[in-house]
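A single structure is presented below for examination.
Labels for the chains are A, B, C and D, by order of writing; each one numbers its residues from 1.
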Amino acid sequence: MIRIHVGTDPIDPAAELALAEAAAGAGAVATFTGLVRADDGVGTLELEHYPGATEAALHRVAAAAAKRWSLRAATIVHRVGPMAPGTRIVFVAASAAHRAAALEACAYLIDRLKTDAPFWKREIRDGEARWVEARATDTDAAARWEA
Amino acid sequence: MIRIHVGTDPIDPAAELALAEAAAGAGAVATFTGLVRADDGVGTLELEHYPGATEAALHRVAAAAAKRWSLRAATIVHRVGPMAPGTRIVFVAASAAHRAAALEACAYLIDRLKTDAPFWKREIRDGEARWVEARATDTDAAARWEA
Amino acid sequence: MTIEMLYFAWVRERMGRAQETVAPPPAVTTVAALVDWLAARDADSADALADRGRLRAAVDQAFVAMDADIAGAREIALFPPVTGG
Amino acid sequence: MTIEMLYFAWVRERMGRAQETVAPPPAVTTVAALVDWLAARDADSADALADRGRLRAAVDQAFVAMDADIAGAREIALFPPVTGG
């Protein structure tokens, strides 16, 4: 079961986890939640994306993980629009029969989504907006999953 | 912030995740949930443990992870007593500034707890009880974290 | 040939538009050539597309390299390196 | 010296008891020696402790190897390899 959602609505991890747990054969669910950090002076984080292309990219990432680790469920939920510190930006979940598959697939989902999906972050600090620069470490993290 | 809980009460991942997210400086929270699988004929899973020693062992595991990955929060919640298929057995969470630390620490928490904490599982199938055998793969998974 | 162009993040801001329909000449056969052709049109385009090393592209919603062929493309997007998650 | 013994899982079941207070002689100085001494007492103990390769121990709530010293121990637990998580 692949679940992809991109929207301005708040992310509900409990509901998403329950869906991932309910998949037939699930014995292990690993999740990752990304938050707007509250300690580095960002007043608002804005997320822009490429509608249509985003969902397609996320679906490819989830489907690749589902196949590689025989997942029972793969979930990617990404929020867009303006967000206050502490807000959940992204939630991913990987549900499998056993823990190693769930843990590895979860790391894959978040690593790949960072490089493969068209999202752009803009930080607003003290009224000044600044586009966040891509990081080489993200490219490296994604590359380690190449077969 | 280290949170350890062992009890017969149901595990509430949403409440646990919210605590881990609320830790100062949290930007990334990785979790793992273990479930009684519903597809292999087990009617009831019973968890026995060594009160006192269990909590101490889990605290050592969480504290080691918190130190090694500079965690903002480390959570281990383990259920004991009889459980039906689909029930959550264990929930761990690692909260960090960035995702690599959260993901690695989460894997560490569940790997180490499997070998370092005194829990014993008994499966009841068709009225027959059987103590679950320890698996060499769990010892291997725990050993990969040795420095 | 007409192509629907989409711009995102600071490319969009510097372009002063989020999308437009363009009709490049037949000699423009790659994304890189399309970027050159767009940049030559006006000051905003030249500014938005000046930093070629930080430009990325998608053809019909799939990420591509700058030397990708654009024959038959209906929708091409230009944007900075992505920063989601 | 008296020691509070605790048994878990199938060790507990085969022992027919979850805990007991024992007073081994001074010659019993390691966990392994304690297990031998306990097993020699009665048939249930002999059966519960027969499979030495699958026995694990904790002294005062810390996991130890079978050759660990038990001098000064107040609580010793015997049990199978753990299977939590």
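In the analysis below, a contact is a pair of C-beta atoms (placed from the backbone, for glycine too) under 8 Å apart; a residue touches a chain by one contact, two chains touch by 3 or more.
None of these values were measured; they are calculated from a predicted model.
Asks: Using the touch definition from the top, what's the fewest steps needed to get from subunit B to subunit D?
Replies: 1
Asks: Centre-to-centre on C-alpha atoms, which chain is most distant from subunit B?
Replies: Max centre-to-centre separation from subunit B belongs to C.
Asks: Would you kindly tell me how far, in whole Å, the mean C-alpha position of subunit D lies from that of subunit A?
Replies: 49
Asks: So the centre of each chain is just the mean of its C-alpha atoms; given that, what is the distance between subunit A and subunit C in Å?
Replies: Taking the mean C-alpha position of each chain, the two centres sit 26 Å apart.
Asks: What's the distance between the Cα centroids of subunit A and subunit B, rounded to whole Å?
Replies: Measuring from centre to centre gives 23 Å for this pair.
Asks: Could you say which residues in subunit A touch two or more other chains, in rising order?
Replies: Where subunit A meets two or more other chains at a single residue, that happens at 34, 99, 110.
Asks: Quick check on subunit C: which residues sit in contact with 2+ other chains?
Replies: Residues 85 of subunit C each touch two or more of the other chains.
Asks: For a test of understanding, state which residues of subunit A touch subunit C in their complex under the given definition.
Replies: It comes out as residues 34, 47-50, 52-53, 56-57, 78, 89-90, 110, 113-122, 131-134, 138.
Asks: Which residues of subunit B touch subunit A once you look at their complex with the stated criterion?
Replies: For subunit B paired with subunit A, touching residues are 13-14, 17, 21-22, 24-39, 86, 88, 97, 99-100, 102-103, 106-107, 110, 141.
Asks: Give every residue of subunit C touching subunit A within the complex, in rising order.
Replies: Residues of subunit C touching subunit A: 6, 8-10, 58, 61-63, 77, 79-85.
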